[in-house]
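Order as written gives the chain letters A, B, C, D and E; numbering starts at 1 within each chain.
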Amino acid sequence: MRRQIPAGGIKLIKTVCLDTKTKAFTDNCLAADISELRIIEDNIVWADVADPTSSDFEELAEEFGFHHLSIEDCRNEHQRPKVEEYPGYYFIVLYEAQLVGPNDRLELRELNIFLGKNYLVTVHSQPIRAVETAARLWHEWSDRAEHGSGLLAYILIDAIVDDYLPLLGVISDRMDDLEDSIFGEFQSGAIEEIFAIKKKLLYLRRSVTPLRDVFNTLLRREQPIFARETHVYFQDVFDHLIRVSDTIDNLRDMLSSTMDAYLSVSGNRMNMIMKRLTSISTILMSVTLVAGIYGMNFDLMPELKWQYGYVFALLSMVGIGAGLYLYLKKVNWL
Amino acid sequence: MRRQIPAGGIKLIKTVCLDTKTKAFTDNCLAADISELRIIEDNIVWADVADPTSSDFEELAEEFGFHHLSIEDCRNEHQRPKVEEYPGYYFIVLYEAQLVGPNDRLELRELNIFLGKNYLVTVHSQPIRAVETAARLWHEWSDRAEHGSGLLAYILIDAIVDDYLPLLGVISDRMDDLEDSIFGEFQSGAIEEIFAIKKKLLYLRRSVTPLRDVFNTLLRREQPIFARETHVYFQDVFDHLIRVSDTIDNLRDMLSSTMDAYLSVSGNRMNMIMKRLTSISTILMSVTLVAGIYGMNFDLMPELKWQYGYVFALLSMVGIGAGLYLYLKKVNWL
Amino acid sequence: MRRQIPAGGIKLIKTVCLDTKTKAFTDNCLAADISELRIIEDNIVWADVADPTSSDFEELAEEFGFHHLSIEDCRNEHQRPKVEEYPGYYFIVLYEAQLVGPNDRLELRELNIFLGKNYLVTVHSQPIRAVETAARLWHEWSDRAEHGSGLLAYILIDAIVDDYLPLLGVISDRMDDLEDSIFGEFQSGAIEEIFAIKKKLLYLRRSVTPLRDVFNTLLRREQPIFARETHVYFQDVFDHLIRVSDTIDNLRDMLSSTMDAYLSVSGNRMNMIMKRLTSISTILMSVTLVAGIYGMNFDLMPELKWQYGYVFALLSMVGIGAGLYLYLKKVNWL
Amino acid sequence: MRRQIPAGGIKLIKTVCLDTKTKAFTDNCLAADISELRIIEDNIVWADVADPTSSDFEELAEEFGFHHLSIEDCRNEHQRPKVEEYPGYYFIVLYEAQLVGPNDRLELRELNIFLGKNYLVTVHSQPIRAVETAARLWHEWSDRAEHGSGLLAYILIDAIVDDYLPLLGVISDRMDDLEDSIFGEFQSGAIEEIFAIKKKLLYLRRSVTPLRDVFNTLLRREQPIFARETHVYFQDVFDHLIRVSDTIDNLRDMLSSTMDAYLSVSGNRMNMIMKRLTSISTILMSVTLVAGIYGMNFDLMPELKWQYGYVFALLSMVGIGAGLYLYLKKVNWL
Amino acid sequence: MRRQIPAGGIKLIKTVCLDTKTKAFTDNCLAADISELRIIEDNIVWADVADPTSSDFEELAEEFGFHHLSIEDCRNEHQRPKVEEYPGYYFIVLYEAQLVGPNDRLELRELNIFLGKNYLVTVHSQPIRAVETAARLWHEWSDRAEHGSGLLAYILIDAIVDDYLPLLGVISDRMDDLEDSIFGEFQSGAIEEIFAIKKKLLYLRRSVTPLRDVFNTLLRREQPIFARETHVYFQDVFDHLIRVSDTIDNLRDMLSSTMDAYLSVSGNRMNMIMKRLTSISTILMSVTLVAGIYGMNFDLMPELKWQYGYVFALLSMVGIGAGLYLYLKKVNWL
């Protein structure tokens, strides 16, 4: 899959070039040819760099003239999602989210985007599904090629942002199950899962809200790099970002409701247990009292002499026990 | 009810055209005539499209020149409520709310509105009551026809927004009942209903607050499409949106108070149960102690020889029991 | 009290006219004369309409040229407090608050104000005390007549806003009592009163904070209707609104502290009850154990033969009970 | 201390005049001379009015031309802290805080400041320490006299604001003690003190944050009364106000943590008590069971005939009791 | 290490001078030479003053012309982090954070920076690691010398800000451990550690968020002292500040989740304990009841005469006990 550039070139997975005039794609160009391709103004070059080495970074910086601070951010992973404006290009960091494994572990994969007037450079150390999707869609949308690199960036970012929604759907379903189980059979272990979902939502929010805020700022001011017509696409990404972050906030609200419900139901069960304790104690103590009474050693206790005294005592015990049981059952304490 | 347009036309439920000069309405125009009607500048055309197919969307986009992103949003349901400005028209998404069924299940029905200078296109996949209301009111308000499509949009949106208030009234009444029941007989199941209302309010807030925020932004900046006089109508919608969202926030505040009250009352009942447990244990143990004492086997226990020793023992048991009972009743532990 | 205007006139309680030049008041003018009085520019006309009928609204709208949307808001009660700017006048909705009845029930009475350059129209369906106060003060402040209708509006609104403070004082005093009772005797019913006050504060906040926000906006922008000198009066109203809403927020903060205190103290009492339960159980069970031992049927139990065995047993019971009691008293469990 | 002005003058505690040219102070000027002193432009007059009567207010208003609304605010105590701009002067209300008495009761003393271009009038009904401090410092800072009345206002306000910090230090120390006691011996009465501190912080915040907000606004806009060089002093006051209000917010955060800790530790102790209850019940019930067994009246119970049966029974009781005790001690339930 | 300047000079640890033209560094210049070095415009002078005396401050103020208010802030420790603009220089206060000792005690060390056009003065009373780091990096980055003192300030501030991240990593790891322990073995003492971390995060937030806010303001307005190219470095510091403060906020969110989890698990354990109490009581009471029955003194109790009556009684006790035990084990109450 991975193409090794022979001498001195950057290790690129994919390089695609689109001539916006002829609408012709040149897939798998050589990294060495990037400089040439970029000279022609109508060309849009997309270079996708996976798992880059230190020298890759240096060559990228040289070829495209990236500021050393943005290269530094690219090198150090775990940046916060952001859009930064540098002279001649935007530097964008965002995260693709995926649930993996049997426990639906949340995995966030960092994608660094350098978005220039007629190029897009994507850098990532883990495989990003949206890169494949964007490559496919870009070919399909070639009739809108006049929007240039902005359209490509839109397709790529939108693919990542839209992927959050089904993932949030999975979490939402799991929460509905949890809620049912809390009001149903009540499993005290549910708290652990509530807590795990809370953490997931926290991480998801971290990877979306900063982007939303930055897009908000970007869309409100003058954007000299892109034409007015491309603007509407970024408006759309912003709209999806709001939708995703609103959904996350709603799930968080709902989760805290679930938590409250859990605690209340848990408190109710505690009350129930205490009532039961009171009931059982009362029944057993009352019955024992009868036995205690007939265990007294008074010389003159007529019942002791009766032929059916013992049976009478046992029956009164059963009677008292059953009576109390029925009463406590009726008032819903047992 | 539904009229099938024969050849190639859009499947429309209703098309109404109003000549703002003569104030004459033309109901049930043919979809095929829309283009002709729109040529006359004084005409306001309202096309209501229900449950549209994929080809309907395409014809709509072609006829009115809608941007493919707005058509896309219209096609994918469950958009967040919003007002988006596109060249030549506004794209509005909002939700009609209704409580249905015996359990007052909340149903939110999406309505997409394309609002142009002299047309209004409404798209929805479920029946929207406000569409009927707006059609009726538009005819009645024909004396204000000079406000154009803006007035129609106002009537439609206001009909939807105003419908939230009686619905919130129903919820508010239910909450008052809940509250009474909590301080009254206390049913531990109330928590489930509190939780259900909480969710309803969450969904209602989601479908109102984004609209409120967008209207706020819209009203503060220049609105080139509509005349200054129409502005006051949108101010009115905004006012109603604030009222609805304030009411929702108030109900949420009140619900969380109810929740707190529930928890406190629940805690108090727990205290009460514990007091009762202590009381019953104390009484029964004390009485049993008497039986235990006279069950001892000492050779010299004068009471055992007394003629009324047994009666005395029983009476002292009753005495101790009754005494403790009265005391605990007095200090409010039983 | 109420004066019935004979033919076709608006049913007015009070109409006062002030000539700002001569500073002469004309009380109880006829509603029919309003049009004439308004022609003279120096006149300030105040028309107070109580419990208006549908035709009253129509005549008002015609006489003063009110927009049908503001008349609509006036007709439909339970508007949220607001200040709306219409061409030529402000439409203001606010609420007078009063505690009534033995339970200090909170009553909020709506007052609609139409404030024009040289007139003030007040509409309300319930009696408003501030109307009387304002009428009296307006006569007293005639030396500041040059501030025109703005001054009258100031007097009226300020009378309403200032009335909130003593009312909040009553609530504050009640909260101090509650707090003392929680840390003192502790009544579990206090939660119900905390909840009732919470609701009152919620309603009061609803009727003040929107006004505060609107005044804030009004004062920050150009106010073409009123002169600069009148501005300082509205600044003063705004200051009082902040004071009232700050006080409400403080009371809410304090109430939530009281609530927390209630819950903590309630929890502590639970702990105390549990300690007491443990203590009583321990004492009774220990004493019963002694009785149980001497109730055993061994042939060889020397104590049973002793002359004072029984007394010894009883004394050891008392001794054990008293010892445990003193110990538990010392460690503060009883 | 208090100097009585003979005929018709305002009852002043202190009047100080500074000639900014010669840097000469004239202490204890006569109130009657204020008008004359103010005529000379280089003079800065500071008039400190304590416990003023109604006629004092009138004379103040006449002498300095104060607006009747600011005089009204000055007369009615318990204003919220604020800075209001009136034509020709600022009206400032702020509070000096002090802990008094054995219970560290918080006392807030109101100080009203009228700050004009070349005068400062301070009005208060209770003694204000900062007035003395400011009088002393003003003499010492005479080399910066060119900053005029602004510098004097700075010295005075800064003296008040800086006095909050040691007071907050006292509260912070007390909170550390509380915290130690909660994790240490745990006194259930701590909740009452937490609550008392919470109230103190609430009052302190009320008397600082409004000032901070107003200073923020003042510093951001044009300040025509004072020169640019004086601006830096007010920036400094603002910085101290932020520091004080940040400290208050931090203490509030910490207090709510302490409250949470209290509740958790309280919950843990409850758990401990319940464990102990379970343990003691188990031990006593088990031992009593042995006694119960040998209290049975079967004809054939070999142990009853044994010579050391009784001793055996007692020893088995002790054994069971001790065994359970050691086990429960080991699992940390006792 | 510390160099003592002989006569009258400021006690400096380190003075470095960089000629931005020749890119030559002059390390360890004499304090006495500072004035001379500063005359040459291309020189950047960095003076690091440790543990300064009162006279040091005076000489600093004289040499660089610092405003007495900034010197005052420098003298009084425990300032809040801030960036203040004075004529000709910025005064910056920030804190270096470190975990020290076996208990990971948080230590915050204050660093005061005076940042002028071609000088940087750092003042601190405790050793600051970032000073060493910055000294080293400044030499390495000499190729970017044209950015002047701004670059040096960037290196220094960034070194301090970046040091927060590993520290937060340590706290985050500790929180993961805590969380595992809560859902695992559950130690009731965990609450004390949660509380300690909460306090640490509170202090860290205090030392970061004010800086973030100030940088935000600084970057949005005109910055006359530094060139546009240096701006990007401060943007980078701002980005790191956001990252640090976001991380702190996330940890706080997570900690409060952990706290909730702790409380819920603690509540669950309480429920478990109560269930166990109920179970043990029930078993022991039931078994004791059997003993009580056969301890009754009825003349006619056939079982008492049976040869294996006693064995039968014992077996029935064991049977009842075991049966209940197994049942309660099955329903998970034991």
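Definition applied: contacts are C-beta pairs under 8 Å (C-beta built on N, C-alpha and C of every residue); 3 or more make two chains touch, one makes a residue touch a chain.
Since the model is a prediction, treat every value here as computed from it, not as a measurement.
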{"item": "Touching both subunit C and subunit E (chains)", "value": "D"}
{"item": "Angle, in degrees to the nearest 5, of the Cα rotation that carries subunit A onto subunit D", "value": "145"}
{"item": "Mean-CA-position distance for subunit D and subunit B (Å)", "value": "43"}
{"item": "Rounded Å distance, subunit A centre to subunit E centre (Cα mean)", "value": "26"}
{"item": "Residues of subunit B engaged with two or more neighbouring chains", "value": "267, 270, 274, 277, 281, 285, 288, 292, 295-297, 301"}
{"item": "Chain contact graph, described as a line, ring, star, complete graph or other shape", "value": "ring"}
{"item": "Complex interface listing, subunit B residues touching subunit A", "value": "67, 69, 73, 79-80, 82, 84, 86, 188, 191-192, 195, 198-199, 202, 206, 210, 259, 262-263, 266-267, 269-270, 273-274, 276-277, 280-281, 284-285, 287-288, 291-292, 294-297, 301, 303-310, 313-314, 317"}
{"item": "Complex contacts: residues of subunit B adjacent to subunit C", "value": "179, 183, 232-233, 235-236, 239, 242-243, 246, 250, 253-254, 257, 260-261, 264-265, 267-268, 270-272, 274-275, 277-278, 281-282, 285-286, 288-289, 292-293, 295-301"}
